[in-house]
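What follows is chain A paired twice: with chain B in the first complex and chain C in the second.
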Partner chain A sequence: MPRTKGYPEALEKKLADTRLYEDERHPEFTKTVEKLSMSIPHMCYQCGTCTASCPSAPRSSYRIRKFVRRALLGLEDEALTDPDLWLCTTCYSCTDRCPRDIAPTDVIMAMRNLAFKRDIIPVNFLKTVQAIYTTGHGVPNNDVNRAARKKLGMNPEPPTTHAFPQYVKGIQKIIDYYELKKNADRIVKEREG
Partner chain B sequence: MAEKKTKKETASKKKETPKAAVSAKTEKAPAVKAPATEQKKARVGVFICHCGTNIAGSVDIPDVQEYAKSLPNVAFADNYQYMCSTPGQSKIIAAIKENDLTGIVVAACSPRLHEPTFRTATKEGGLNPFRFEMANIREQGSWVHMHDREGATDKAKDAIRIAVAKASLLQDLVPKTVPVEHAAMVVGAGIAGMQAALDLANAGIKTYLIEKNPTIGGRMSQLDKTFPTLDCSQCILTPKMVDVGRAENIDLMTCAEVENVEGYIGNFDVTIRRKARGVLTPAEAEAKGIVGGGCNGCGDCEAVCPVIKPNPFEMGMKPRKAIYIYHPQVVPLIYTIDWDSCIKCGLCVEVCGEKKAIDLEMKDELVKVKVGTAILATGYDLFPIEKKEEWGYKKYENVVTSLEFERLICASGPTGGHLVRPSDGVTPKKVAFLLCAGSRDNTGVGKPYCSRFCCMYSLKHAHQIIEKIPGVQPYIFYMDIRSFGKMYEEFYYRIQDEGAKFMRGRVANVLEDPDTKNLLINAEDTLLNRPIKLEVDMVVLAAAVEPAAETDRTRKLFGVSRSMDGWLLEAHPKLNPCGTTTAGVFLAGVCQGPKDIPDTVASAEGAASAASIPIHKGEVELEPYFAQCIEEKCAGCGMCVNLCPYQALSLVEKEGRTVMQVTEAKCKGCGTCGGFCPGGAIWMQHFATPQIIAQIDAFLIGGAK
Partner chain C sequence: MREYAFFLGCIAPNRYPGAESASYKTAEKLGIKLLDLEGASCCPAPGAFGSISLEIWYAMAARNLCLAEQMKKDIALICNGCYKSIWEVNHKLKQHKELKEKVNEVLKTIDMEFKGTIDVWHLAELFYDPEIVGVQKIRDSVKVSLEGTRIAVHYGCHLMKPRKERHFGTTEHPTWLEEMVGALGAEPVEYRNKMLCCGAGGGVRGYDLVHSLDITNEKMINLKEARVDALTEVCPFCQLQFDRGQIEIEEKFGVKYNLPVLHYCELLGLAQGMSPQELALDLHGISCEPFLQKVL
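== the complex of A and B ==
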C-alpha cells in the first residue's frame, strides 16, 4: 500500500482503536489516589482553570486537567504510563484556583508515588534521590553558589548538611527505611547499566 | 397497664377542671369542648403504609403488623400500599366504624405532608380529627436504614408502639378560628414585590408596599434589555411602576423599612420606619396645611445643590447631588436628601420657594399597620466579586461587573448607551465575558450554587455589543451554557450565529498590560485541550448573586428561616415554593433563590395568590395546641408570663384569686410555660404531660403491658 510506505508505525498509531472501554477503568485507583492525595478528584467538572493556571502547560504537552480526569475515571495505566506525569513543577497554582477545591498538585504527587511502585519514573528523579542520599540536598551546593555566597559575606556552605555533614547519616536512615535509595540504584542500573 | 390507667384518669381530671372553670367564668367561650366521651376504653387502629417500596423495601410489613396487633389498646391493624390514596383512606374510615375505634395511628411518612390527609380521614370516619397520631417510619426509618432490614423493622415497631401509647390518650380538640385582617404587606418593591402588590391590590386587598430605596423598580430598572425577547427593560417596567404608584389599594412607602413584627397569621402588627427623606410629597404638604405645595419633581433643588456624590443606581458611574432622584422615571417622583452628604446650606429650600417641599429637619417616623399576610420580596445583591482576586475587579479599570455593563450599554446610562472602557473612554473591540464568576464555587470564597440567569444575560450582552459596535468580537468563557427557558436555547443559537465566540473553559486569571490597560486572559480551551492567552479590551464578570444586604434582618423579624445557601427557606421546595414555615408569610422572587424575570414574576403571582387565600376566606384555623391554665392549681406566681416568647399569657383576677390566662390566638403551643410551671398548672393540649410520659414509657419500658 503506497500510502503507508515509510510510515508503518505512525499510521498504525493513527488507525488504532482509541475508544474508551469500561475494562480500562479501575474504580479502586480513584479511591487510592484520593486517599494518598487527601483530595477529591472525583468532584472535577473539567473547567480547565488548572491547566490555564499551569506554568508548565504553555511550554509542554502536560495537561493537569487530563490527569484529574483520568483519576476520576480510574484510568490507571493511561495515567501512570504517561511521561507527562513528571512535568508538574508542583507550584500549586492549580490548587490555589480550583473552584471545586480539589488539590490537583497533590493528585499528581499521589499518582507519581503509585507509578514509582511500578518502577515507572524518569532517571533524573532517581538521580535526585541519590544526590539527597549522599549530600542531603536535591541540588547540592556548587562553586558558582559558593562564590556568590562569599561575595554576599555569607558562609560559602549553608547551615544545612553542607555545613554539618554529620547529619547526612540521619537523612540516609530515613531514605533507607523506605528503601528509596536501594530501588533508585536498582532502577538506574537497569536503565543505564 | 395499671399505671397507665391511673395516668389517664389523672389526665381527665386535669382536663375537666380548667374546662369547667373557663366555661363558667370567662366571657370568651373556650374553643375546646369538654371531653365527655373519652373515658371509654381506648381502641386504637394501626395502619401501616408500604409507600410502594419506599417503606416495604426495607421494613417487614407483615411482621410489624403482627407486632402492632399485640400492643395494648390496639383493636385493629392493617396495611396498604399507599395509605394516602383514596382506598387507603377508605380503610381508615371503614375501620373506625366497624371496630368502634377511639384513636388512629398511621405508620408512614413524616407528618409534614400527610398529617392533614389522615386527620381528614379520621374525621370522615366519625372521630375528632385530633384523635390521630402519625408514626414516621419512612424519613426516620426505611430511608435512613435502607440497607438494614432488621434494624428498620425494629425501629418501625418502636415508632408504632410510641404512637399507640399517645393515641390511647388523645382527646377531642376543636381548632380555633381567628378573623383575618383584610390587608397585606409586601416587603421590597422590585419587579417581584411590585407584581405581588399589584395582584393583591387588583384582588381587592389593601396592600402596604414597603421599599427601602427612594424609588420602586429594583434591579430590573437598572437593566437595559431583557432576554430572550430583547424588550427594553425600562419600557416594560415603567408602566407597572406607574400602575403601582396609582393603584388605590396600594399604600406605597418608599424610604421605609420594617422595624418590628408582632402577631400571627391574620393579625400581624407591623411597625414601619419611614425614614426622613427630607422632602414632602404633595399629600404630606397638604396635611401640613401647605396648599398646592410638596415636591412636584421639578428638579430645581438638584440644580442648585452644591454637593456631588456618585449615583448608586448607576453603579457609581454617574454623579448625583445630595438632593436627588435615581433617574427620571422614578416612582414616586419625589426628591430625596442624602443626609450623609447634605451640608444643610439651605439653597434647595430657597429655590423650592412656595412649594415648601423641603424640610431639612425632618425626622424618621414610625408607622404601625395591621395586616393579615405578608410577602417578602427582598431581592439580591451582586456577590463582591473582588474577593476572587484572580479576575482583578477593582484592581484593573477595564474589568467591570455585569450590572456595570448594563448601565454602560443602556441608552439612559452614564454614557448614553455607548459602551466605553472606563480607563480611557475608548470603544472596546474585543470583549470577554466571564461566566460563573463566583458561582459554582466550592472554595468557600464564592457561592456553591448556580446563579441561574448569568448565562442568558451574557448571551444578551454579546448580542448588544454586536448590535452597537461594528467589528466587535465578543468571547464568552463558559463551563456550561444553561439556556433552559422558553426560547432560551433558540436565543443561544442566534447569538452564536451572530458571531459570539464560545470558549469552553473557566478563566484562571486576568492580568493587565499597564501601558495599554488591555487585559490578558489565561484560560484553557478545554475542547481543544490547549491553554489560551487572549488579549482583550474589556472584561465583563458575570458575578454571582447573593441575598440583598438587609435580608437577614428582615427575615428574622418575620420568623423566616434561610436555607444552607443563604436564600430564604420555602415551606417545600417543590410543592410550596412561595410559602414559609411561618403561617401567613410568603416569599416572592429572588429572595428565595436566583430567578430570571419570567420566573420572578411567576413566583410573585404565586405568592400573591397564596397570600390572598386567608384574606379572602376571612378567617384562619389555628391548630388547637394551646396552653390551658388549670386554675385550681395555679398559684398566680406569674413566672410563666415572662417566659412566654409570644406574649400570650397574662394574670387575671378570678373569684378573688390571681390566675394565669392564655390568649389562645397568640399561643403557638411551644410548651415553654407548660414545661416550666412549678405547680404543674399548665396543660399543653395535644402534647399533655401524661401523653408525653406515656410515649417515653412506651419507648423505654416497652409500654405498659
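== the complex of A and C ==
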C-alpha cells in the first residue's frame, strides 16, 4: 500500500539535505529531553539495535535511532515536527535491548511532551483527554455494554467514576490545574472547526 | 482470603464485562477477594495521556492510588496498560521525593495525598506466585479441562517491559503464562516472534489505524502458522486490538482469521466451569464457538 508521510514542505526540503548546520542545534533541547525522560540519549553510539527491534520500523519511515540522534545533537525542530514521532507503540523492546542502557521509548515520550507544548499533537490524543475529563474514562460505557452487564447480574455502571460520578470533579480539578482541557479544546477546535 | 482493591480500568468494564466478572469469580475460587475501588477512573492511558504530559499522567494515576491507600489495600488489576500507569507511577513516586512533592501539591487541591503505602499487582502475577496462588492451585481448581486445545499466549508489553524496572525476568522468551495455560489442560503453543507488540499502544491505534493493524496482522499470520485454537492475553486493550482488530483487518486488508481471543481470566473461568453466557463471550467481535465446541 503506498503511504505518504504528509511532511510539511519546509521539513521535506530540510530532510533531503543531510548536512548538519550548527545553528540548528539547541543543546538545551538535549538537556530537557534527558531530564524529562530520565534517560541518557547522549550515550548513544548509533548501533541501531533499537530500530531493529521496533515493530513500527518495518512498516513506515519511523526510525527510533534517528530520533535518539536528534536528541543527542539537539535538533529540536527536526525531531518535534516529524509526524513519525507519533508512530511509537511504546512497546519498550528497544529499551530492553539497548546496549548503552538508554530508554529510547522514554526519549520519544519526552519529545512528545515537548511537541505538545508547541501545539504539535495528533487530535486523537486530545480526544482521550476530553473523554476522561467528561466521564473519568478514556473508553466510556455504552448501551450495548450496559445491557450485557445487566445480563451478567452486574451493575450496568461499573463501580468507577461511572457509578460514582461525584469523583469526576476531582479529576477535572487536576486536569484544569494544568489547563489541559482548555488547551485540548482550543487545539481540537482549530483543527476541526 | 487475601483482599485487594480491584482497579478496573476502562476496556474490561466498558467493553468486555465478562473479563471483569470472570476476574472476581476465578480469583475468589483461588483465595483472592477483589474489592470495588469506588471512584477509580481511567489509569490514565499511558500512551495517549502520557504523550501529552507525563506530569499530569503522574497526578491522575496518583489519584487512583490514593483511593486504594484510603482503603488500606494493595491494588490488583487485569490490564497491562493500567499496570504501566498504576504500578509505574506508584514505583516512581515512591523512589523520587521531588516528583512525589510535585504531585502532592496538585492532589492537595482535591484533599488527597500520595503516601506510598500500598503495592500494585497484576492479577496474573498473583495467580502465578506460589506464595499467593501458584500453578498447582490453578490446576486443582479446574472443573472442565481444556484438553485437546492448542492455545497461544500474548504477553503484551507494559506488564514486563522495561525489564530493568520490573521484576519478571526475561522479556525475550518468558514461559510463565504458558505454564498457567498448561495448568488448565490446554496445550500452550509457541509461535514466531511471540513477544511482538499487538500494535495498539502509544496512541498509534488512534493516530494511524492501518499502521497499527499491520502490526496486529503480522501477529495473526504467525498465529495462523502455529495452528492455534485460541489466543489468550492478560490485557483488555491487546484483546480489543486482536478481537475487534480482526474485523478491521478484514475490512482493510481483506484477510480473515476468525481466531478467538480470550483474556486469561475468561479462559480460567471456562476451565473452572463458568458458562460462555456468564462470561459474555457473545460480546466478542470474533465468535468463540469453534473453540467452545472443542472444550464443552
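Here are a few things to note about the model shown:
One rule holds for everything that comes next: the second predicted complex is superposed on the first by the 155 of 193 C-alpha atoms of A that agree within 3 Å, B and C clash if a C-alpha of one lies under 4 Å from a C-alpha of the other, contacts with A are read in each partner's own complex, and residues count from 1 in each chain.
Please note the rule applied: a contact is a pair of C-beta atoms (placed from the backbone, for glycine too) under 8 Å apart; a residue touches a chain by one contact, two chains touch by 3 or more.
Quick caveat: nothing in here was measured; it's all calculated off a predicted structure.
The superposed arrangement places chain B and chain C next to each other on chain A without a clash. By the document's definition of touching, of the two partners only chain C reaches A:Leu87; chain B does not.
In the superposition on chain A, contact of A:Ile174 is made with chain C only, not with chain B.
By the touch criterion defined above, A:Arg149 reaches chain C but does not reach chain B.
More residues of chain A lie in contact with C than with the other chain of the pair chain B and chain C.
Of the two partner chains, chain B is the only one touched by A:Cys47; chain C is not. In the superposed model, A:Ala57 lies in contact with chain B only, and not with chain C.
When the two structures are aligned on the shared chain, A:Ala10 is found in touch with neither chain B nor chain C. Remark: least CA distance from chain B to chain C after fitting both complexes onto chain A is 5 Å. Across the two superposed structures, the residue set of chain A contacted by chain B and also by chain C is 93, 101.
Those residues of chain A that touch chain B in the complex are listed here as 43, 45-54, 57-58, 63, 65-66, 93, 97-101.
Those residues of chain C that touch chain A in the complex are listed here as 8, 10-11, 13-15, 17-18, 20-21, 36-42, 44-56, 59-60, 63, 106-107, 109-110, 112, 157-158, 161-164, 171-172, 195-197, 199-204, 206-208, 210-212, 214-215, 218, 277-278, 280, 283. Residues of chain A touching chain C in their complex: 1, 36, 55-56, 59-60, 86-93, 95-96, 101, 103, 105, 109-110, 112-113, 116, 121-122, 124-129, 132, 136-142, 144-145, 148-149, 151-152, 154, 158-164, 166-171, 173-175, 177-178, 180. Of all residues in chain B, those touching chain A in their complex are 390, 436, 440-444, 446, 479, 504-509, 522-526, 529, 531-533.
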